[in-house]
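The following pair of complexes shares a single chain, subunit A, combined with subunit B in the former and subunit C in the latter.
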Partner chain A sequence: MNYETIVIGAGLAGMMAALGRAERGERVMVLAKGHGSTHWAAGCLDLFAEADDPLGAINQLVQTRPAHPYALAGVAALEQALARVRGVAEAVGYPLVGNAGRNLLMPTALGALRPTAFVPATMVNGEARQLGDGRPTLIAGLHELRDFFPPLIAANLRAQGYAAEGVYLELPPVERAHDFSPVVVARLFERPAFRAALGRQLAALVRKGGYARIGLPAVLGLYNAVEVVRELQALSGALIFEIPTLPTSVPGMRLFHAFEQALTKAGARLQIGGWVLRGEGSNPHLHAVFSEAAAREQRHLARRWVLATGGVMGGGLRAEHTGVVNETALGLPVRTPSGRSDWFQARFLDEAGHPIFRAGIAVDAQLRPLDAADQIVYTNVAVVGSALADFDPIREGCLEGVALATGFAAGQL
Partner chain B sequence: MDHIELSLTQSLDHCIKCNICTSACPVAAVTDAFPGPKYVGPQAQRFRHEGQPVPDASVDYCSGCRVCNQVCPTGVKIAELNARARAQIVAERGLPLRNWLVARAGLVGRMSCGPHAPLLNFGLRLTPARWAVEKVIGIHRKAPLPASSTYTFRAWFRKHRAPTTARRQVAFFHGCATNFYEPHVGKAAIAVLEHNGFEVLLPKQQCCGLPLISNGDFKAATSAHEANVQALVSYARQGIPIVGTSTSCTLTLKEEAPEILALHSEDVQIVAAGTYDIFEFLRSLAERGELKTDFRPIERHLPYHQPCQYRAHRLGSPAMDVLSLIPGLVLEESHAECCGIAGTYGLKQEKYQIGMDVGAKLFDMVKRSGSDLALCDSETCRWQITHATGVASKHPIEILAEAYGLEL
Partner chain C sequence: MRTIETDVLVIGGGATGTGCARDLAMRGIRTILVEKGDLTHGTTGRYHGLLHSGGRYVTKDPQSATECARENVVLRKIMPHCLEDTSGFFVTTPWDDPAYGDVFVKNCRLTGVPVQELSVQAMLRREPLLNPQISRVFEVMDGSADSFLATRSTALSAEEYGAQIWTYHHVVDLVREGDRVTGAVVEDLRNGERIGILCACVLNAAGAWAGKIAAMAGVTVTVLPGKGTMVAMNHRMVNTVVNRCKLPDDGDIIVPIHTVAVIGTTDVHVPDPDVYGIEPDEIQFMLAEGDKLIPGFSQYRALRAWAGVRPLYKDRDVANDRDIPRTFKLLDHAERDGVEGMLSIVGGKWTTYRLMAEESVDALAKRLGNTRPCRTAEEPLPLPPTEHQTTFRPPVRTTGPGASVAAEVEALQHAPLYWLGKHLSEVEHEQSFADLICECEMASRSRVLAAIDAGAKNLDDIRRDVRMGMGPCQGGWCIYRTTALLFERRGEDGLSHANSNDALLHFLQARWKGLVPVLWGDQLRQARLDELIYVGVLGADRLRPIAEQGGGLVTDNPAVATEYVKA
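Coming up: the complex of A and B.
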């Protein structure tokens, strides 16, 4: 009802933009199809994976690639966005630690090492430079938790020269018998008796094996993970770190929750389950968007809009078999390789990446969408995050960084 | 294969197994009896075929709250898959007497409403009576049963003298709860609508059929919906909005009956397109500047729970939007997925505790608020909230009527 800004999409980019606008005193709503990118991702902040010094690399990149979203948002926006997101997480007792000037190397659920700039405090003890201090690491899990195999993780760490062993713990007695998704186990970790029982098992293993640190799946509580880690450290006598699991991602849910709290506090509204089908506007203004609802569409009115619907994965872009890529919410023009045959390089692992992964919406310096002739489609729309053209969020390892920087910029424009 | 079945079959291919639905499901969070929407929805659906035995009966533990649909990032119609799967079980194994009974809210209401209601209400408060009801029928002895009214809403309406100044018309769908248990909710709605210049018409109507749908009795649900469509379609064709105070009834008329029962005649579609929840309707008036705003301030801080069946309309929070126009009134949203009752789910002996566990977050929030009143749009949720917390509950339309200073 009479919003000043409506943000379409509830990933990091959309929530960052919404927070910015709400904190400026606007009436803001976030309209999203469902839960999404936060719940799928590891809950870390990737800024630029290909360099040891992401900020340094980004400073160079904005000179050489002026159409890259980082160049449009500006490095200052990225730095302010990082400070803001850390504040949001800190406010729910879930600090994010790291350094924009130096990537951390974090073990994955396969035991590979993945560069990222900021991680929750619950993960940081697993950083590779710590793992390499010569003292042994234990990777522990539960048979009942799907898709997390401590012996596999430990073997892969050993193959990279880190002293690590894998072990399965015994599930403490619980009334549940069937389903142990990451979220179910995270809820169990919120029970003191469950933690205490596992803590005793870990203490016995530490006494026997002399482990300096223990890696556990990132399911150590939904909303009080820092406390859980602290308690398990006290019980086991070793440092504890979380390793991200397959979705649904508990660290991602914590981040979503932190933003939800911040947005509520700032007076913004969230409508989850509101799938935007189309917009209605006449150049250069978008007047309304319509979301799917029971029996008929719901019309939304606002003065200003932020499109934060993501790329192909998030559902913001849809690639048709005909070779056409559509922007799904407002039908904005999408920059794509000219034909289907130009989507991919000849080699699967080509170092330059595949052109189709840089498809997206081209924008001007104020993130306003442009058509093929570089004319502004809507002056009151800003596009943020993975819906943008001219970058490859996965290969460049900058998905969260771009989401936050552009989301922050759209929040201040 | 009707077009809904086709879209359900296709929609299950949209499932990317991310488990977001299962992570958000309030029932799977508290019991192993329900393994979660992903398993009994898109996954088990691949094993359900006509003429084949039902592969897994755990779908009966789905409460139908539709949180899964709401959070699904890829648009899978999980709740609809589950509703149809339950009907297949009922078709194979028959409907238990208890479910037959709780699914017939109108019939039960009609029998219990009237001058004898106080006696019946007294009887149903007696522990031995409830014990017997649990043993014989399977309705949990503690489950919140509504108190029957001594008069029906329709009887009151017949004697009601409407103002003669009305410029426009609406048709009111009161549902079973307002007619037999809570006529005061209907009175408040009529007062608000008349205050805003509407003449309120009262079409013939019967139970919307939702309890029949959620207990898998699709045959009876279909005849209920067809009868309602027949009674309502002339209003909808004249462009007279059909407005209801029960969010589940209006959702059933708008979507659940057509979608789940596969009823797609032109009349069904016209009725669906012409039906509104009352706050959806009032909000659209407000957006056009047509809602009266001569409110008295209400200096109160009240907890508000938006029922899962209201969120399933996918309209945001219309009651919050409209009530925010009342000076002084501050609403605190529950942010709880579901109260646990889910219509008739939490009444059942084997599901009562699950319902109470599902609602625990909401009950905590209501109790912590320190308020002596909670607001909620759906009747069974109000009864559940009051049962679990001891805090009185009202429909938001009652507060709106109060803010207008209307005599009820």
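Coming up: the complex of A and C.
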């Protein structure tokens, strides 16, 4: 089958680009080795962490750092992308709430407060300004879920001036032994009897402790979380909020699911398990890519391509011990900090971030890949998301923002 | 200042020091052991884990070879739970002198190191990934040893016999009255309290730090810290220890231990045992040497790199540090320097630690008028609480030079030897699949809690006990979980959220320093995922303002700073 656009990579950037192209009426396929970093991250939309007003900071940043992906995509693309992603989530009954002009401060599973711009409605009751209203908060978890520890969360919140207590709930009876991963517990929460039993325990705790809010791990149902939250609020008599856990990220899976629905509705095809090994082109055009398939390579043809394979974490970039960094799908030229000795800071949590993670593909204003001499490698390829050079999505706290803005831009070009 | 009196003060909580403490206590001698860090904080916890057959020393250091061969059998009998009977090969690769094989066998016979030649075909059947161009193979009784567990078990035995083991106690000064050492002043690193210890004799078992200790009594002991760098790879590409059949050199040995294979080592003289770094070319060199033994070795995933400092004792001019004898020496400072009340035990190998302790304690006992014999070679070591009794016994080796010893060890019916499937069998036995805190190393919640209850002073101590954080993900999940468990378990003992936060930040950094030398490929990808988890999901970096050392933990004390400084 001939596609007009093939998007390589199924993270937020790739799915946003694919949706844009499909909604313009193109035949689109998303071809991906696996899921993107949605399944690892907190399931919120980070635009720019180190500023109270992320949009204002981004408006300044596009002036001072013209090579930053935000500058290439443009602030307008970011704002339109945010509107579109909120529509995508709303369509599956999972609204994203927040404000690009003011970061929310959300409690983490360590009890730290982390800034982010948009959170699912299931989390918003935990925002720090609400937690600080003087009324007590209960943090509740299950012993069986090893990725959420209420006593430490509550103690750290108290240390920051928020009245909070931590408690473990009793696991309602389940018919067999499980490995209680976040995904398994999320499936249990889809059962009415399971959440009713926990709701009764919460109600008893609220009656005794007078809690205004209850923070629970972000495992309150895979795809009906808003409904689960509403029901637990009715049962317990307190406001409920979710706190993201360690990966696998259930809120991230919900975002992926919302995009999957939107892509299907727009007529796009999503193929997970198609690992792109190489491209075939004659400059300046990419003609085909080859993916790993049973006992052979499968050839895919398209007119236009979007590369959304991520950075080092997503697998789009791979560093060799020789100090070379390769782009793994198409073999595009990568901008890398000089030698391995310059790749890392001495401290893991150094605020400046590790230079190696700013490696990536340099692009022009239309997101087309450039070589070392700034010549366009392929005119029909757009590079989006964390594969791009000159920024650190985790340390700058702009992982989702850049993915959405550049993905949106590639969808409209 | 509080002052305590004892017969013997042992300085150093490595294999030798704990071995001495056990031997002293078993002979009824009152003993206090002080160690500035955790047990095995020094060289014992930073070696590749080889239980020597003696083969490596048969030519250059025959006395050490003979000692290793004897102690190898003794250790199998007293600490089977700490040893894996991997067996060992010495192989002649195309890069090695083909004539050395015959010299090697002859010298094995002379030194009493059991050896048996094997065909290359038989070698490849057992270890198919070894280089098929290997021309000769000799099998010896090498094994791999969990030096953390062995030292814990030894210390536990010492305590059962009445010794006091004080970890995180730093020797500030030795007290000398005239020509006699009469005790020491130590500092409790948890709270800064200074304690005086009066004793009849000080036994300096500080390994690479023995020179620094001796200097406090005004005595010169020249210990040359020889840095050895090692790399752990994420696969056991061999289940047998593999040595190059040549004189010991850099990067010539691969030790399969627990879930990993370790390649070692380099040997670089460093001026100070506390100040050394790992250079990128050391890593590249060892990976290239690994390729000679196992083609493609350098393409496997490297997990982490670390370095230890050999406590080489230099009592005459030796040109090359590799030529310094690996055997040990007991220094009686009364005879040697005219200073009474102190002995130093220097040099030696992990494999010979018990023998070193026996000789040291024989000398001490004589001086104290104690005539009870040494029994450390007969009595097996107890299992620490982090170890679970298992009913399954792995099959006993029936071939090769170790077969008769294996049968003899099995007949004792002590705890079974360690085997790779041990932790999995425990998890299956306890049905604790769903309660693993560290999935990579299969450390269950109950074992992590046991390590916390055993008195861990930071997360690194827990790692040494249950290997938490040592697998491919380098703590991505388990550092968070273990921190929270530590807080829940010790909260009532005065350990606060701030102390827990500090423990987490400290351990994240401790893991990072071992990762940096090997960060490329999948391990770099993993490090980035860990950054997403700790920064992008948990916001651990935002806890710094509410992180503080204390609550009985020791994290940032300069006396035990393990930060590698670029030399």
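Here is the rule we use: the second predicted complex is superposed on the first by the 405 of 413 C-alpha atoms of A that agree within 3 Å, B and C clash if a C-alpha of one lies under 4 Å from a C-alpha of the other, contacts with A are read in each partner's own complex, and residues count from 1 in each chain.
The definition used in the following text is that a contact is a pair of C-beta atoms (placed from the backbone, for glycine too) under 8 Å apart; a residue touches a chain by one contact, two chains touch by 3 or more.
Because the structure is a prediction, the values reported are computed rather than measured.
Colleague: So, A:G267: does it touch subunit B (first), subunit C (second), both, or neither?
Modeller: A:G267: touches no partner chain.
Colleague: Which of the two partners, first being subunit B and second being subunit C, lies in contact with A:R347: first, second, both, or neither?
Modeller: second
Colleague: Looking at subunit A, does subunit C or subunit B touch more of its residues?
Modeller: More residues of subunit A are touched by C.
Colleague: Does subunit B (first) or subunit C (second) touch A:G161, or do both, or does neither?
Modeller: A:G161: touches no partner chain.
Colleague: Tell me which partner A:E175 touches in the superposition: subunit B (first), subunit C (second), both or neither.
Modeller: Touch status of A:E175: first partner only.
Colleague: Touch test for A:G331: subunit B only (first), subunit C only (second), both, or neither?
Modeller: neither
Colleague: For A:P247, using the defined touch cut-off, is the partner it touches subunit B, subunit C, both, or neither? Pick first, second, both or neither.
Modeller: Both partners.
Colleague: I'd like to know which partner A:R187 touches here: subunit B for first, subunit C for second, both or neither.
Modeller: A:R187: touches subunit B, not subunit C.
Colleague: Quick one: is A:G25 in contact with subunit B, with subunit C, with both, or with neither? Answer first, second, both or neither.
Modeller: neither
Colleague: Please indicate which partner A:R318 is in contact with in the superposed arrangement: first for subunit B, second for subunit C, both, or neither.
Modeller: Touch partner of A:R318: subunit C, not subunit B.
Colleague: On subunit A, which stretch or stretches are contacted by subunit B in one complex as well as by subunit C in the other?
Modeller: Subunit A residues touching both partners: 40, 177-179, 247, 315.
Colleague: Which subunit A residues qualify as touching subunit B in the complex?
Modeller: 1-2, 29, 33-36, 39-40, 175-179, 181-184, 187, 247-248, 253, 269, 271-275, 291-296, 298, 301, 314-315
Colleague: Which residues of subunit A touch subunit C once you look at their complex with the stated criterion?
Modeller: The touching residues are 37, 40-42, 46, 108-114, 144, 146-147, 149, 151-152, 155-156, 158-160, 177-180, 244-247, 249, 311-313, 315, 318-321, 340-341, 343-344, 347-349, 351, 354, 356-357, 394-395, 397, 399.
Colleague: Considering the complex alone, what residue numbers of subunit C touch subunit A?
Modeller: Listed in rising order, the residues of subunit C that touch subunit A are 280, 283-284, 287, 298, 302, 431, 433-437, 445, 476-477, 480-481, 483-485, 487-488, 491, 496-498, 500-501, 504-505, 508-509, 511-512, 516, 519-521, 524-525, 528-529, 531-543, 546.
Colleague: Which subunit B residues qualify as touching subunit A in the complex?
Modeller: Against subunit A, the touching part of subunit B is residues 18-20, 22-24, 28-29, 32, 35-36, 39, 69-75, 251, 254-255, 272-273, 275, 283, 286-287, 311-317, 321.
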